[in-house]
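Below, chain A partners chain B and then partners chain C, in two separate complexes.
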Partner chain A sequence: MNFSPAIEDLIQALRCLPGVGPKSAQRMTLHLLERDRAGADNLAAALLDAVNKVDHCQRCRNFTELDICEICIDPRRDTSIICVVETPADVLAVEMSGSFKGIYYVLMGHLSPIDGIGPEEIGLDRFHRRVVEEGVSEVILATNPTVEGEATAYYLIDLLQGDGVKVSRIAHGVPLGGELEYVDGSTLAHALTGRRQVE
Partner chain B sequence: MRVKLQPAFVLHSRPYRDSSQILDVLTAEYGRLALVAKGSRRSRRGGSAGAILQPFIPLLVSFSGRSEMKTLVASEMASNPLALGGDRLFSAMYLNELMVRLLHHHDPHPVLFVAYADTLRALNDEGCQLHAQLRRFEFTLLCELGFGFELAQEGGSGEAVTDDGWYGFDADYGLVHLGSPSNGQRAAFPGSDLKLMAAGEFGEPVKSTAKRLLRLALAQHLGDKPIKSRDLFRRT
Partner chain C sequence: MNFSPAIEDLIQALRCLPGVGPKSAQRMTLHLLERDRAGADNLAAALLDAVNKVDHCQRCRNFTELDICEICIDPRRDTSIICVVETPADVLAVEMSGSFKGIYYVLMGHLSPIDGIGPEEIGLDRFHRRVVEEGVSEVILATNPTVEGEATAYYLIDLLQGDGVKVSRIAHGVPLGGELEYVDGSTLAHALTGRRQVE
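Take a look at the complex of A and B:
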């Protein structure tokens, strides 16, 4: 038996979501049509609304409905300190910590040559120009402690060298509440390399 | 098929489903393989379950499965992770890109595995000669793929390469003697350098020759798509 064309279309459409295979897409579709028509209406409207309104901030590339996002135009933020992150979710994570008062630059990815993503694809040279033109005083590299995140950080360190900008890399290591015994060796090695002297 | 504690390196990984990854690995005895690491992106007490499933960490992996794609059953570190930074990290990424582009799945390359592990270990040393390591690996890779060529002999005639001769490279024959010394020609290689390379020298004395020759030889097999890792080196 085949579902009607409209149902099939919805199942196919849902498969664009990460981790959604044919079975899950079918389950979601039947759920929306059978048990949650109002939810389906909402989802359709919200999806359309977001796609129409959300774009990249012209300064930090984060998602925003404005030309320049709320963080970038906030007069209380220190625009001379830029924190470089990989994704919008990372901005949210740093914001939650409440300890950063500068602004961000969102790469929307990381260097991954095997996937065809080089410095140009994530706009590293454009970021460099901006740092120089705007006289930024400090750049904090908060890319992930993966090989790709590290490579991105090293590339930026090299790029920014000699521009009189203070460059730092966030420390990676043992999570708060983590037990050493359960921390894997590579994380521990990272934590040891990035150790700080106790004052 | 059930394999236990196989020495391996992750070459590349991509997210799969909600919390899993598909790993592209190079193993000691089974060559390049695709492994599904289920739940490896889920966090675990005090760390992430998949934190060691990263490139450049010597691993022991156990896997099973009958299909083309195997399932990772267990993994542990075989020795300490390498501390690669800057150009040494970019070089290691270049090796991975070359292998992902040129190696087929399920072709065993035990010699290449050892060469790769040795090269990574050498790159771990901050004072190492990067280009010498890369060129030696490139040559080993070509040989392992069946695209090797003699460095001390002409491919067609089999005649020995001479110190003052000039040679060109042909994908089918290997080195070919050029009639006249052509210093300005980009694809001409001096015999004296080739003889040094044949004796195992890939470093400073033959730097330019080795780089041009191996790039030319690799280009035959890489096709039109550029090697993206080369963009990472800004000043070399």
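Take a look at the complex of A and C:
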């Protein structure tokens, strides 16, 4: 025995959300139908709206509803420093830190040859052209400290070598508020290698 | 700094799903926009479809896309035995057990005076009339073994007393495959009180 087709379809459709398995999808569906039909209508409208309106910024590839995003267009930002990140969520995280006044380039992913994602798919050729043409002074690599993120960073370092642009990588080490005891070995190794002399 | 309005709206709208907090809603939104726009379109359509098509069965109050649900119209079911459950998910659970051939009455909740949910809100008056009018032979109470579920069951027992209908409650005890060591005290107490002589 199953639920009626429209209910089964909704359970199935909810599974496209990350982290939602068959049981949660069923719970969500019954919750919406029993207690929050207005929420379901609203969610449907928000989904269509986002899919229709949100596209990539033509300069930094971040999500935006405009042609050029608010950060790229902002005259107070220093366009000579570009921070390269993997996703829009990373842009938000850096912005939240309040310590960066340059602009971004969002790869929307990382190099992953096994999934057929090469330099072109994440816009590295376009980025390279732009760095050369616009006389960028510094490129800060803030890809994730994962195997793929590191590979992407090294690829970029190679690519930009000889262009006369300063390339830097954000520091990896012990997070503030973290206890040494609970920090994993490779992070500690990074923290030691990256130590700085106290002046 | 925030995401663009359409993105923020979608993050907000996803929070109507049970178990989805601000971080998961953001992750879901970015996942859909980055990697599964077709899934988002499909989800929006499924939501609208379910909200428009799914209503309550006029006899048992279960979810259905018809006036009377498939179980209520099925001529092979014994309409003289009614199993009372709290939600459509409970109907599915009992059906899955394959051991019940009667019909259901779905309360779509339980008595909860503190939330303003009295006998009328969960259709108990209608159910009572039906039991009397249709000459039902047995009512099986399968509400949840929670405080509210028990209260609802006792209310029904009171209500049906004197109508000449047999009222039973499903057995509570040690689940099959469970180990006594890990079963909580009140379940064990139930299992002991409800013991049956071996014949």
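Operating definition for what follows: the second predicted complex is superposed on the first by the 199 of 199 C-alpha atoms of A that agree within 3 Å, B and C clash if a C-alpha of one lies under 4 Å from a C-alpha of the other, contacts with A are read in each partner's own complex, and residues count from 1 in each chain.
As a convention for this text, contacts are C-beta pairs under 8 Å (C-beta built on N, C-alpha and C of every residue); 3 or more make two chains touch, one makes a residue touch a chain.
As the structure is a prediction and not an experimental result, all values here were calculated from the model.
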item: Partner, of chain C and chain B, that touches more residues belonging to chain A; value: C
item: First (chain B), second (chain C), both or neither touched by A:Glu133; value: neither
item: Partner chain in contact with A:Ala50 - chain B first, chain C second, else both or neither; value: second
item: A:Glu120 touches, of chain B and chain C: first, second, both or neither?; value: first
item: Which of chain B and chain C A:Pro18 touches, first, second, both or neither; value: both
item: Chain C-contacting residues of chain A that also contact chain B; value: 18-19
item: Residues on chain A engaged by chain B in the complex (per definition of touch); value: 18-19, 21, 111, 113-120, 146-147, 150-151, 154-155, 157-159, 174-175, 177-187, 189, 193
item: Partner chain A, residues of chain B touching it in the complex; value: 11-12, 14-18, 44-48, 51-52, 54-57, 77, 80-81, 83, 85-86, 89-90, 93-94, 96-97, 100, 227-229, 231-232, 234
item: Residues of chain C touching chain A in the complex; value: 1-7, 9-10, 12-14, 16-19, 24, 26-34, 36-37, 39-51, 53-54, 63-66, 69-71, 87-89, 92, 95-96, 108-109
